[in-house]
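When the chains are written out, they are named A, B, C, D, E and F in that same order, and each has its own residue count from 1.
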Amino acid sequence: MSKTENNRLEEFRKDREEANEKILNLDHLGIKRFFNLDNNTYSDGALPAETKELLGLVASTVLRCNDCIDYHLEEAAKAGFSKEELVDALSVALTVGGSIVIPHLRHANETLEILEEEGTLDS
Amino acid sequence: MSKTENNRLEEFRKDREEANEKILNLDHLGIKRFFNLDNNTYSDGALPAETKELLGLVASTVLRCNDCIDYHLEEAAKAGFSKEELVDALSVALTVGGSIVIPHLRHANETLEILEEEGTLDS
Amino acid sequence: MSKTENNRLEEFRKDREEANEKILNLDHLGIKRFFNLDNNTYSDGALPAETKELLGLVASTVLRCNDCIDYHLEEAAKAGFSKEELVDALSVALTVGGSIVIPHLRHANETLEILEEEGTLDS
Amino acid sequence: MSKTENNRLEEFRKDREEANEKILNLDHLGIKRFFNLDNNTYSDGALPAETKELLGLVASTVLRCNDCIDYHLEEAAKAGFSKEELVDALSVALTVGGSIVIPHLRHANETLEILEEEGTLDS
Amino acid sequence: MSKTENNRLEEFRKDREEANEKILNLDHLGIKRFFNLDNNTYSDGALPAETKELLGLVASTVLRCNDCIDYHLEEAAKAGFSKEELVDALSVALTVGGSIVIPHLRHANETLEILEEEGTLDS
Amino acid sequence: MSKTENNRLEEFRKDREEANEKILNLDHLGIKRFFNLDNNTYSDGALPAETKELLGLVASTVLRCNDCIDYHLEEAAKAGFSKEELVDALSVALTVGGSIVIPHLRHANETLEILEEEGTLDS
């Protein structure tokens, strides 16, 4: 796969953004407030924003949600974590969550490769 | 509760250690290897050991395991995280895991108070 | 997507029905009894059938099962619930289940759009 | 158990209120916003508040959280649902969530008995 | 703990039986049918009943339900499995479910000790 | 589908093997040890290897992981279990895990058909 080829991450980003937009357009106050709260969760607080991305990544992995894993891997890569650091975070999720996590580890590793090819993740 | 009173954390530590000992005495190779792997998970790697304790804490919280929360809160406190930082980590678990996490947040906050009283956590 | 185009819901309905038929043809007494019990769960009792469809929808959403969400959204739409009511039910699932539910909310919202286009759901 | 005796529900209410108060006193903006959002979830919207309590009850049951079950059983009883209706809601959770839910059904049924004795639930 | 002392398993058995009786007395058809189906699940079929008890044990362990673990450990012990065999089954649950299962492994091991002392499990 | 046609199982096997290889090539000690431990879990111990494959199958089913279900169905078929026995094992998972397991039962049954067509499973 060349860098210029479309990849599943690009499609995911586009679909995710459009679908989130549609949800906000439902104009449900509780849902809109949840989305706002969710965005604010990963900003600087007592812990720096980047650490909280790692926490979101591991939480997503043990709860076995591929879309959430992809989102947090990308945000964590943008925040400057190296591949080795992200793999080390995923290893914690594997120990805590067990072998049932392995299919999601395979997915996450493929995402890491795409992020590397794109240049989003330093390799 | 005075500092010198027995507390539920002291009892948990003792019970946990004894029960883990009994499991190791079962002499099941796979289980012993898992326990060894588990211990090694939270040591320095590409990420520092203390960050991995935070990851273990958040994984335990979204998976809603009070014993695991208590263990990682104490280890993270010993690793030098402040109460504000630990609460910030727990806030990520709350957003990811939802209101079903709240009873475990109540438990975690009580544990933080005990750790403060004991002096294990700087307040 | 026009109303006459095939959509993923039509394919899901057909696949689901065929696959359920095959499971019943396995002729396993316990499984057949479970399927029968499952069907009867969503009929009038102390609570009306339509309320129980909403309960099934929210249970399916917090347990994060897209196929189950699609099934219950359609049944609830047929039972007369409006889009606003179904979105309000989903908002409860979001609060209880947390941000890990969001990818399933995106899926559910797309299903609602298909049901509207088909005329199954009043818009 | 006589009506005037202390019961586990009374203790739970008191502990829950105190522990929630302590969490709010942590003064973490994200957590305070989540608690506020959670409270607002169970108010009238496209669906009436009482229906949303039932949804919260079933979500809590399939996610197997006894504290959450107790809270929503009480709120639903106060909202006017009868014992038969609450049991019917719990039966949906049992079918969706399976036999692993049974211990929580035993807990919920005991809570229903306490609510009846107290007069919170019409019998 | 001497063999003649009351133990937590005896209390659990009594509480469980009484609470199940109360649930059946609610006279909810769906719930009664579920309980009947549940009982029949662990009887001879293509697989012998005892193998299905082991399956129930491992399912209960990865889903992290102590009451369910205790029930299936006892049934499996009565069906003739040795302590070594039950521990080997639990080791599969540990690998699949991860370190979050460990507190339940501690609980299960304590139950095994009680079953040995009682003579329910051959040691 | 003829026996010689490519099927989704063949693709899954190939993708799984390649992706696991890539994970091992990450050269993360903890992850490599976990993979090794996972492989050793399903070997003869106090219980025979084939029984442990059944346990892995049921654990995977109640935890609702299709990739894990496919893997264990194939291993259990190779170990000599008949279709009737595997369906009986899945019926335990259905009772324990509830109707939320049904989509995974549909998936598992389709996999059984492919394994039969391939001759991996005796029919």
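Simple rule for what comes next: a residue touches a chain if its C-beta (ideal position, glycine included) is under 8 Å from a C-beta of that chain, and two chains touch if they have at least 3 such contacts.
Quantities reported herein were computed from a predicted structural model and do not represent experimental measurements.
The chains touching chain A as well as chain E are B, C, D, F. Number of steps on the shortest path from chain A to chain F, with steps defined by chain touch: 1. Where the sister copies chain A and chain B meet, the same residue numbers recur on both sides for over half of the interface positions.
Centroid analysis (C-alpha atoms only) places E farthest from chain A.
Compared on C-beta pairs in contact, C-D and C-F come out with C-D as the pair having more.
Chain centres here are C-alpha means, and the one lying farthest from chain F is D. Overlaying chain B on chain D by C-alpha atoms takes a rotation of 120 degrees, rounded in steps of 5. Rounded to whole angstrom units, the spacing between the C-alpha centres of chain D and chain F is 38. Chain E and chain F, compared by their mean Cα positions, are separated by 25 Å. Chain A and chain C have Cα centroids separated by 27 Å. Inter-chain spacing, taken between the CA centroids of chain C and chain E, is 33 Å. Each of the following residues of chain E touches two or more other chains: 28, 30, 34, 37-38, 41, 45, 59-60, 62-63, 68, 87-88, 91, 94-97, 99-100.
Taken as a graph of touching chains, this assembly is fully connected, with contact between every pair of chains. For chain D in complex with chain A, the touching residues are 28-30, 33-34, 37, 40-41, 45. Listed in rising order, the residues of chain A touching chain B in the complex are 37-38, 41-42, 45-47, 51-52, 54-56, 58-63, 68, 82, 84-85, 87-89, 91-93, 95-97. On chain C, the positions that touch chain B within their shared complex are 62, 94-101. Looking at the complex, you find that chain D touches chain B at residues 16, 19-20, 22-23, 26, 28, 30-31, 34-35, 38, 41, 59-60, 63, 65, 67-68.
For chain B in complex with chain D, the touching residues are 64, 87-88, 90-91, 94-95, 99-100, 102-103, 105-106, 109-110, 113.
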